[in-house]
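As written, the chains take the letters A, B, C, D and E, and residue 1 is the first residue of each chain.
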Amino acid sequence: MKEVPMSTCEREFILKAIRDRKRIDGRQTYDYRRLKVSFGMERGCCIVDLGDTKVLAQVSGKIEEPKKNRPTEGSIIINLELSPMASPAFEPGRPTESGIEMNRILERNIRDSRAVDTESLCIVAGEKVWSIRADVHVLNDEGNIMDAASIAAITALSHFRRPDVSVMGEEVTVHSPEDRDPVPLSVHHMPVCVTFAFFDQGEFLLVDPNRSEERVMDGRMVVGMNMHREICTLMMSGGMLLVKEQVLRCSQIATVKVAEIIELIQRALDKDAQARQAGEKCGFAESVPTNKITTNRKEATAIDTTAAAQQASQVIQEAGPVDKPMSNMLVQAPGTVQIGEGLVNTWDVDDEDMESEEKEGREKSVTNGREAVATSKPTERKRPVKAGEGTVSHAEGSDSEEEETVMLFQGDDETKSTEEPDSTALMQPSNSDKPAKKKGKKKKAAQK
Amino acid sequence: MSSTLGVLSDAERLFIVHGVQDDLRSDGRACEDYRHVQVETDVVSNTSGSARLRLGNTDILVGVKAEMGEPDPGRPKEGKLEFFVDCSANASPEFEGRGGEELAIEVSNALQRIFNSRSTLDLTALCIIPEGQCWVLYVDVLVLECGGNLFDAVSLAVKAALFNTRIPTVVVTADDEGQQEIELSDDPYDVKRLDVDNVPLIVTLSKIGHRHVVDASWEEELCSLARLTVGVTQKGTIAGLNKEGSGSLDPESIYEMIESGKKVGMVLNSRLKEALEKEENSKREKIGFLG
Amino acid sequence: MADSVGKVVIPGDILSEFRASEKTSKVALGPGLRQEGEEVLVTKGGILRHKEPNLYWIDCHQRRYIPAKGEDVIGIVTVKSGDVYRVDIGATQPATLSYLAFEGATKRNRPNVKVGDLVFAKLLVANKDMEPELVCIDSGGHSSGYGVIPADGGFMVHTSLNLVRKILSPNCDILKFLGKNVPFETAVGMNGRIWVKAKTPKDTIVVANAIASSEHMTNAQIRTMIRQLLDKLSGF
Amino acid sequence: MAGLEIISDQGYRIDGRRSSELRKVCARMGVFTQADGSAYIEQGNTKALATVYGPHEVRKGRGKIQHDRAVVNCQFSMATFSTGERKSRPKGDRRSQEMSMHLRQTFEAVIVTELFPRSQIDIYVQILQADGGNYCACVNAATLAVIDAGIPMKDYVCACTAGFIQDSPLLDISYVEESAGAPFLTVAMMPKSEQIVLLEMNSRLHADNMEKVLDLATQGCKDVFAVLDRHVRDHVSESHALMTAS
Amino acid sequence: MPTDSRRVPGPQDSRSPHWYGKHATRQEGDTRPDGRGDHDLRPVYLHAGVVSQATGSAYIEMGQTKVIAAVYGPREIARREEFTMKGRLCCELKFATFACRRRRQHIQDNQEKDGALIVLQALEPAVCLDRFPKSQVDVYITVLQDDGSALAAAITCAAAGLADAGVMMYDIVAGCSVRQCGERQLLDPSVGEELSQEGESAEDHGMVTVGLLPSLNQVSALTLDGHLQQQTAVQAVKTCIGGCQGIYPILKDCLVTSTRKKIPALDPKSSHASTEGQNGQT
């Protein structure tokens, strides 16, 4: 089943936009889409959402006989499944060439760079070792599967706990989670891939291409790196010619990106660990934001309206009455019905003016093209449970049904990324149930 | 032989058939002459024995790797011989992917036929511990170019490779509780050689018109409806026989072909033996494909 | 039955009594409803709509286009074979477009259509048994807006069929309101494809995203959203 | 492999080379008669054989005909006896499919395919003996084979590996150094314009050393280019002499 | 051992017990274990038209060796290759997994592919391929029990099947094999004689199978395994040809009865011999 063909008109337009340093979804050249990492009930299961690209990784372990030439080492097998569910272009059965290439890059990135220590997987040398298998399934392909898969794989591996094993002479006992809590894998470093898309024979460069940009690009380069600025894998093949300087520039950009992504993964892991210690509910069901219509709602993208700050008050007066909670169906206007709590106002404001580091350095980097997409409900929707002003909850994770996922914040108060050259205006905190905090932020922005 | 290499027009076909009638072939040979044969052994380093052979423009590379394995339960006191033929895509675009598999199976069956009788190769020498461990010789044939008469070239190359095979001597020591330990001698020159005198060579006789020719080029193969492959040992015994092709042969011409096959086979065997001995002790620089 | 007009119905609901209009005792069932013996069954989830005198249909959210005769669609030319172009309109099978179906096209003077071009055309033939057929001329033989869409500067957005119906309906003023502020040219295909072209790529992106995201907005919300965009645009 | 030290303290490697020295490269063009173009190359102990058929009409898979350029089709296979451990399948596994894909992409970027629309160029490479740097030997052999077949190319494409062991960059990694787990970089490049056609890196290399290793690899590609160029010129002048003489 | 995902295989390293049994020592003297002379055939039962679905079919029993063949008449070629004026004959030979003493695999191994090629090349000269251009005749042969010279029985059975299918043929093909151990030639050997090792040490030992077009006296299939002197090889081929001529009348008789059954209008009085049942022994 072939994909919907790409008309020359779309192709020409996207290329022209890129030449003007613009992207059709409003991101900067080095911006990632909204990255969300959430974990399942079981240890070792995680879903990564990179924009609309959704990848599930599941790690499992079994005891096996080691290979003859490496009797004291366990084995790590990584398999990337491109299921036809993700896009009409994927066929069931034998993987296509690009599928094989992605598998090989993933394997090289994690196994050849020895991210996970295989010596520690040995139980009885020569006879019994752990064979860890990470299966990565692509659930929805909106471009850049490589990065999402590499993040999902390494996060799942770090999140996985294998049952504890004790050896007495010949006899090996595997302890159930009740009597001995499971042991994590020893992950030395976390290699993550960053994909660069090239246009016009390497003249223009984009990070994290979405599906339409992927179909238009000349070629791509995948750089796998870890925290300590070590390049774990690098792959540039396909129809275009590069010069040395471009390669070095890409690796510098990758260093910055990888640092942020790994920081986010670490935070998500810690958050999940806290949730499990506190005995709270965890898992995908928990991490689905309950207060959003999941079906018809277009992804909320924030509007950088520093200029509109003066008219904030005037906008509030125009707001209509507050709608009722989710329980019954509400007809807002002829032709539309609202099931659920209704849409969320993401009047969030980027209080950081990120200068994009290109030469021309415009004085106000406006995330252009990011129009007021979100249905800016005129009124601040009060959360039905909490009272209004007083809950300036400092740490996001405080209230229980805080969703599991942690957004890659761009303007986040606590861990504002310091002076890195360009900000990842990745995603505004579209978390709907923090109205109080938002209001506070807007005032701060207003004073600037 | 599948006509993968091209198509022959009727005019060419007639020219070749008439030429054969008066004992003159398109490349000037008589009916029972072989093309120029180049053979060189020990061309691939990490094998126990290897040989490269060029018969006309048919190019074959054979590698023999000796590995340890369990003997066949039916023949506990003997080693094993495994043949694997790989038609590389270099030979022709038809062999890309799984294209060359059918021909490869035909060739490996022909080899299997001439090697499966006991008196061809003394396999008991390959046994280390009866019913326990034995040497398994993996004979891998790589067809690099098909210029006709593939079976002869393959059998010549296999015999040369087996002649060149060096199997490290093995010492079996039984330690105290009867556990048998196998030690490999690490001296590279302390090796066993295989006795290949009784190994047969295949001679393919292609019936063109009323006569038969030896060592047919691919054009001549397209003109012949029936072929007889005769396995001949040095002493002239017939070690295998197989009629191929979609035509039939009358008994008289079969006997005649067996006769001339034996004659040519014995000459071929002795010529190969001389070449291998000469190359063995002349110790000159290996040229391989660079020659 | 009359009470469930305007309510959400799901496939399998049985709609019992009908308010047959005075004049005709017949009831017209539109898309999404199926008659089974005496009962009327719902086949598509959505909102039941009623239009005087006796027309009922289900308004559901759908992205896959079912060709209907006489509708305008935007297609992508995929194959040029002989004298027929195969055009992808997002339906089950690609539509055919003859080279004669252009204004002023003759055997010798063929229209300049290349693979990958966008074509704004009307569906001449569209039923479940035959391959859909497109034409780029109206009954009078003039192109009147149909034909090949030039590929310089415009952008096409794939959306759901509901959005197209919404922006084409009279009581939605998004196009008018946008047009007042940002001059742009647009072609709306019933198969959920909207082609937009403004002066600069920046404006085109803004207009395209505005239209694409206005699916669940009321007119008031649309107006505020557009006003914000314009301020942002001015400060760009 | 701790025991085995890759570089002796005087700076020599196991096979006696210095750190920025290529292995001995010898090549021969026109090895086979039936192929349109063929070449054989030996880089140290790595031996590769390449043949080129085409541009010819597309027989299998009519679907992939391109109306504006030729389709390059590659197949990489390793002889079962080429490595120390016998390989059970010469070409089915994932690594060879990936290698075939890289070869195809490399030569799609280099061969001027616009001149032969709706046709197909087959490049088949066979590794006879593998001792590290298999991909480079394949690319260099295929370049010679394509030149031998007379198919127009933008420039030579030469490939070389460069590693980083005991914090000193090494050129042209052999199998022993490769299996010692050292990081190494494979570069396929057009030597005159220094444009990188393919870049591939394994195991961990710090970003700062990246530049040094990349420069060494570029220099390596230029040296390989010099050797190949000399071979091509000898081959052409020799066959030219034969033609004019006879 | 190719892993078979569809069937539940036995334990991997199971081994059939009979390897460990003592082989029946062959008593000397010229008679063979089953009392035949050296040049006698085993009793042959041949019946055509056993598979109703197939265009033509045949079932043969040579002693305990049972083979069944089905022929699917000229039909269009599955994969559209280039146009061929000559028709195409395709042959597939499969030993049932229980056919031999040692269990065979469910998929075709190399030996069966080799056998299929030999049967194909045995039948091809006899069939008028140019009578059905652009189409293909499929012959599927299954060896139900292998008690020696299964290949020869397969050739005869396939030829009878082709004849029963009404495919135009120049001549019928008969198959026979001979086991040479030492100077004795055992015609139509049983499996014990075929695999007996005691003849191995002798100067001449081997197995010859011949496919013959009896009326045209043309050899369409010839295969020899083992080591034989040239004279003994020629002698062995001659005995084989004699054996094929011996089987020829049985083939003729079987086809006569099956044709008579198919075309009852044939005047019953004129048919002299052969009762309705199987044909007799030689």
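Miscellaneous remarks
By our rule, a contact is a pair of C-beta atoms (placed from the backbone, for glycine too) under 8 Å apart; a residue touches a chain by one contact, two chains touch by 3 or more.
From a predicted model like this one, the values you see are computed outputs, not experimental measurements.
Steps from chain B to chain C, taking the shortest chain of touch contacts, total 3. By the touching criterion, once chain D is set aside and every other chain stays in place, the chains split into these groups: A, C | B, E.
The chain pair with the larger count of C-beta pairs in contact, out of B-D and A-C, is A-C. In this view the innermost chain, defined by its CA centroid being closest to the centroid of all protein CA atoms, is D.
We define each chain's centre as the mean of its Cα atoms; on that basis chain B and chain E are separated by 29 Å. Chain D and chain E, compared by their mean Cα positions, are separated by 53 Å.
Rounded to whole angstrom, the centroid-to-centroid distance between chain C and chain E, based on C-alpha atoms, equals 70 Å.
For this pair, chain A with chain D, the centres built from the Cα atoms lie 38 Å apart.
Contact topology of the protein chains: linear, an open path with no closing contact. The chain pairs satisfying the stated touch condition come to A-C, A-D, B-D, B-E. Listing the residues of chain A that touch chain C in their complex gives 4-13, 16-17, 20, 22, 24, 26, 296-298, 303-305, 307-308, 315, 318, 320, 329, 331-337, 339, 343, 364, 366, 368-373, 375-378. Across the complex, chain B meets chain E through its residues 73-74, 105-106, 108-109, 112-113, 116-120, 228, 233, 236-251, 254-255, 258-259, 262.
Considering their complex, residues 26, 28, 31-35, 38, 40, 42, 45, 47, 49-51, 53, 56, 59-60, 73, 75, 77, 79-84, 86, 90, 122, 124, 126, 128-129 of chain D touch chain B. The touching residues of chain D, counted against chain A in their complex, run 85, 94-95, 97-98, 101-102, 105-106, 108-109, 181, 185, 190, 193-208, 210-211, 214-215, 218. Interface residues of chain E facing chain B in the complex, by the touch rule stated above, are 15, 19, 110-111, 113-114, 117-118, 121, 124-126, 200, 205-206, 208, 213, 216-230, 233-234, 237-238, 241.
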